[in-house]
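By written order: A, B, C and D. Residues from 1 in each chain.
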Amino acid sequence: MTQPEPHLLLRAAPFLRRGLTTPGLMTEVILALVPVILAAVYFFGVSALLVLTATTLGAVATEWLLSPVRPRGVALRDGSAILTGLILGLCLPPGLALWMAFLGGVVAIGLGKLAFGGLGQNLFNPALVGRAFLQAAFPTALTTWVPEGTITEVLSVRSGTFAAPFMQSSVDAVSTATPLGVMKFENVATPVADLLLGNSAGSLGETCGVVIIVCGVFMAWRRLFDWRIPVAILASVAAFSAVVWVFDPQASPSPAFMLGSGGLLFGAVYMATDPVTSPIAPRGVWIFGIGVGALVVLIRLWGGLPEGVMYAILLMNAATPLIDRISQPRGFGRGRAAA
Amino acid sequence: MNDLLWIFVSAMVINNFTLYYFLGLCPFFGVSGQLKTAFRLGLATIFVMLITSLCASFLNAFVLPHAPYLKLIAFIVVIASTVQFVEMLIRKLSPTLFRALGIFLPLITTNCAILFLALTQTSRDYSLVQGVSFALGAGSGFTLALVLMAGLRQEASLASVPEIVKGTALNMIIAGLLSLAFMGFAGLFSAV
Amino acid sequence: MSSGLFKLSFRHGIHPDEHKDQTAHRPFERMPFADRLILPLRQHTGAPCEPVVGVGAEVRRGQVLATPGGFVSTTLHSPVTGRVTALAARRHPNGQMVPSMEIDTDAYSSQRLPPASSIDWRALTLDGFIEEVQRAGLVGLGGAAFPTHVKYKLPDGRRCERLVVNGCECEPYLTSDHRTMVERPEAVVRGAEIVATMLGAKETVIGVELNKLDAIETLRRVVGEGPTRVIGLNVKYPQGAEKMLIKSIFDLEVPAGKLPIDVGIVVNNVASMAAVADYFDRGQPLIERGVTVAGPGVDRPSNLIVPVGTSVRDVLRHCGLNHETRQVIMGGPMMGMPLASLDVPILKGTSGILAFTDEVVDHTAEYACLKCGRCLEACSNLLNPARLARLARAGRWNELEMNYVMDCMECGACTYACPSGVPVVHLIRAAKTSIRKRKAKGE
Amino acid sequence: MTDHAVDSSRLYDEFVKGIWKENPVFVQVLGMCPMLAVTNSAVNALAMGLATAFVLIGSSVLVSLFRRLIPRQVRISTYIIIIATFVTVADFTLEAVVPTVHRELGAFISLIVVNCLILGRQEAFASRNPIHVALADAVGMAIGFAFALFCLGATREILGSGSLFGVSLFGENFEPWVIMVLPPGGFLMLGFILLFFNWVQQRRTLRPSRVSPATREAA
């Protein structure tokens, strides 16, 4: 008859959880990156893997060393450092000197994330901070593009890849321009099919549009990000560039070219969608996406740089607190709809 | 027309006074803790810059050719007293506007951005209209940077920033990243 | 059937697993009278009631033990025939020691209610009716235990246009309201009829979620072609919250800080309606209630009619409490109370007792908030819980109030939805308490 | 102690405080405009530091000298005119002596006028102290300021150009971190230096509490 008194757990309501966890979501995002990584390896061979390893190592090492979370290494469990490293690596050019890639990972986590207190506290997308830092620090190295490889050259690695730390990576004879560069400086558009299939020069992750779109659809379906962000960005880029194109089809690129070229797809799917640095409410998300789209078109068509996705996202990251402020949910029973 | 647009855009985002020339950092870091104050200070700055630009054009046309060594002193004295005068005028005419912007006016006068505006306008030989465009661009660029900074700082104030980064170091890092983001505007409209 | 197929709902909210099949088809059984009952003098929101019998008094089942200690307070009746053995502080389910009455059951009594005639409610004025309801000891049986008669006291200048009967039972696991609707539809409709007539409501709507089709059907059969409508609602938590229910049925938002009566609506729980009918037709005050006992920690999940004051331990034993139980919850899993001890009584407002084992106990580790917005999409109060939680952590009281923290009804949907395991609603609850304390101190 | 000893130790304190404990840049965070704008190389930083030192010392002496003659109501304007005069002198001198540096510093030499450090010292110190104390304070602050400028300029030049005072440090193959000579690098570098400063301060405050039991035992 006597039953043991169960040792009762005292935690306040609610007692049920939906069963999603942050590490789980991160793992899924990393899984959704795998096809893009594979595409990068397919087009750029071993050097792609090397760059990705270097950035990821840089990111992980910094998180391990500098994160205030104790015991050491616990901060790595959420997987965000790996994700940052991989995304950073995918927006770097193949054949970049590995010490630069490593430095990028260090800066991304150290400056972009830990300085603000770690995961969830950063104001700018860490991977983009790393990328923008490298771009500003080593403009030449970051804009030296090797032509997309062929299968036979899978194992070939640029000689500059292994440059000693802080030393220049000697520039190979073969270098080429990205479709956006060609467009900007020579006004020649690369066929859209080539852009989507990856037959063009560019950063590791950005050349093969089809893979990114497929992964993006997967992530939207799994609700790993707010689908509104990429939709808003791509739609606004298409809309703004269409307006310009209609007025001056000779000198300006077509909307299709704008969508397919450069880091737009990659940025819209993997970088702008970082929940920490994008607005939280749907209305704010639309503003954010349209803002990114408008800035991309502005910088690409009238700016001094061929590509503006990175800066566009960083600038909108900066505006995110303000957007959040004006797009707060209204509160039940407040505002117009209240009886 | 393009020329005016370029002067405006250049002063506003490409060579943003704060994020590119490091001007007006005292109010930039001092006032950007609160969004509302930041915005008001920005508006007040636009206003003072307009007055400055007009004053500088006037001095350049009528006074400085005769006494170039007086440039610095003339700018400071004339601009400060004009702003003082306008401040009194506003206080008389619109107490509401005075409460919103007026208290900032004397503060801004001693801001290096104002003096820089006058000096640059002079050294670039801007006409009156160009000067106004320059002042408007610089002012709105300052406001933009200030408001963005205020938003970011308010957000960061909720974050668990490490003790050794807190304070000025964090502000510097935020400003640095903002300045990095603004590099995207480099060369904007220069080809037009 | 037509109205049941409309997409009636409110914005946001969550869809937790229902877990209702464990007990949804188990008819009410009567819980045997326990040897000893503990009756806290405060089982409702408001002032505690004042005892009118002393220690040693012999009491009959249904006899008044304590009278209301104010308008927002109610009567307490004896659930058994027996003897008052103590009037002292006893453990309340919320963990505090509160003045309570202890009654030892008379083992030889038949425990039959003394015969009472029905009350001619049609002859009562509204004020007389309110007094009678208070005399019946009725409180909201949905869980909040707000004295029912207080809702009927219409503020000056307000009229009750519509009566809404809340049959949502949106909390997972709980099925006692469901069973009440299926087994006693006449009582529910009858109670609603009494209340609607007394309040002068022109329209009565019984809102039931569409996961209880049998209840909808049964109620519709009883209602027939009368003025009362039974409406099926899309299943979503927290539809049982008054304001969400009103939004779902009438597409009407009760303004923040206002009550349903401010838009001419009174909302009552279905079980409360049945209790009203019991009192006015049979003279039975609120001395027992339907309780769902469920969860993997009990071997025989059931719906029980439990005399108020029965200890949780007795109820769980009756249903076969097993050794794996790690957590016992009074109420639903979203808004209920965790129990530190099983020696606490079932209260008038107790809709369920859930025994959770390790499998279902929430072990989510906490990670940093990623501002993913899932809490925002869960919040039917249209707030920004992520921001509120961050502000609460930083102790920014003014900003919290500017972000309408006081509107939060603590339904817990945000915490449920959070992938990072942030205790969102806990932080908000604590912040609200602090703000109230500061206000009380400051003014 | 004689009056003279008190006086000289006070002079020393006033002199030293500006260099570390109340360093105008690292601690008070004043005069940041020139601080960041001209510190992309060590030479520019040093030139700016010297120019500022000249103006600061000169105007401190002058203000201290005339401190009883300046009416309170117009004191700020008077300070500004005094400072502006010194700045004009410095501007023309630099232009004559080192025209290349003058060109690089551009308008920033003129902007010394509105450097809050200088005005702040006049208002807070020079106008209230006898001339030798004011001089000690001004020299200390000037050295502190120049030191901070130099630190920033040197680090930015070393990383950003791989050289110091134009002398290449790491050989031909060094890959410069261009960002360090760009505006963002200025903010970030100052951020890092402040961070380092905080770190040193923090360790200083932490150390006694950590070490004390052991020290006490040893004693």
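Here are some notes:
Please note the rule applied: a contact is a pair of C-beta atoms (placed from the backbone, for glycine too) under 8 Å apart; a residue touches a chain by one contact, two chains touch by 3 or more.
From a predicted model like this one, the values you see are computed outputs, not experimental measurements.
Legend note: the chain whose CA centroid lies nearest the centroid of all displayed protein CA atoms is A.
Comparing mean CA positions across the assembly, the chain most remote from subunit C is D. Per-chain Cα centroids separate subunit B from subunit D by 24 Å.
Remark: subunit A and subunit C have CA centroids separated by 49 Å (rounded to whole angstrom).
Averaging Cα coordinates per chain places subunit A and subunit B 33 Å apart. Averaging C-alpha coordinates per chain places the centre of subunit B 60 Å away from that of subunit C.
Multi-chain contact residues of subunit D, defined as those touching 2 or more other chains: 179, 182, 184-185, 188.
Contact of a single residue of subunit C with at least two other chains is seen at no position. In subunit A, 111, 118, 121, 133, 136, 324 are the positions where the chain touches two or more neighbouring chains simultaneously.
Pairwise, the chains that make contact are A-B, A-C, A-D, B-C, B-D.
Subunit B meets subunit C in the complex at residues 157-158. Here subunit D touches subunit A in the complex through residues 170, 173-175, 177-180, 182, 184-185, 188, going by the rule given at the top. Those residues of subunit C whose C-beta lies close enough to touch subunit A in the complex are 14, 16-17, 172, 243, 247, 252-258, 263, 297, 317, 321, 323, 325-329, 331, 333-342, 354, 356, 360-362, 364-365, 367-374, 376, 379-384, 386-387, 403-404, 407, 412-413, 415-421, 423, 425-426, 429.
Those residues of subunit C whose C-beta lies close enough to touch subunit B in the complex are 390-391, 393-394, 396.
Subunit B contributes residues 19-26, 29, 69, 71-73, 76-77, 80, 110-112, 114-116, 119-120, 123, 163-165, 167-173, 175-177, 179-180, 183 to its touches with subunit D in the complex.
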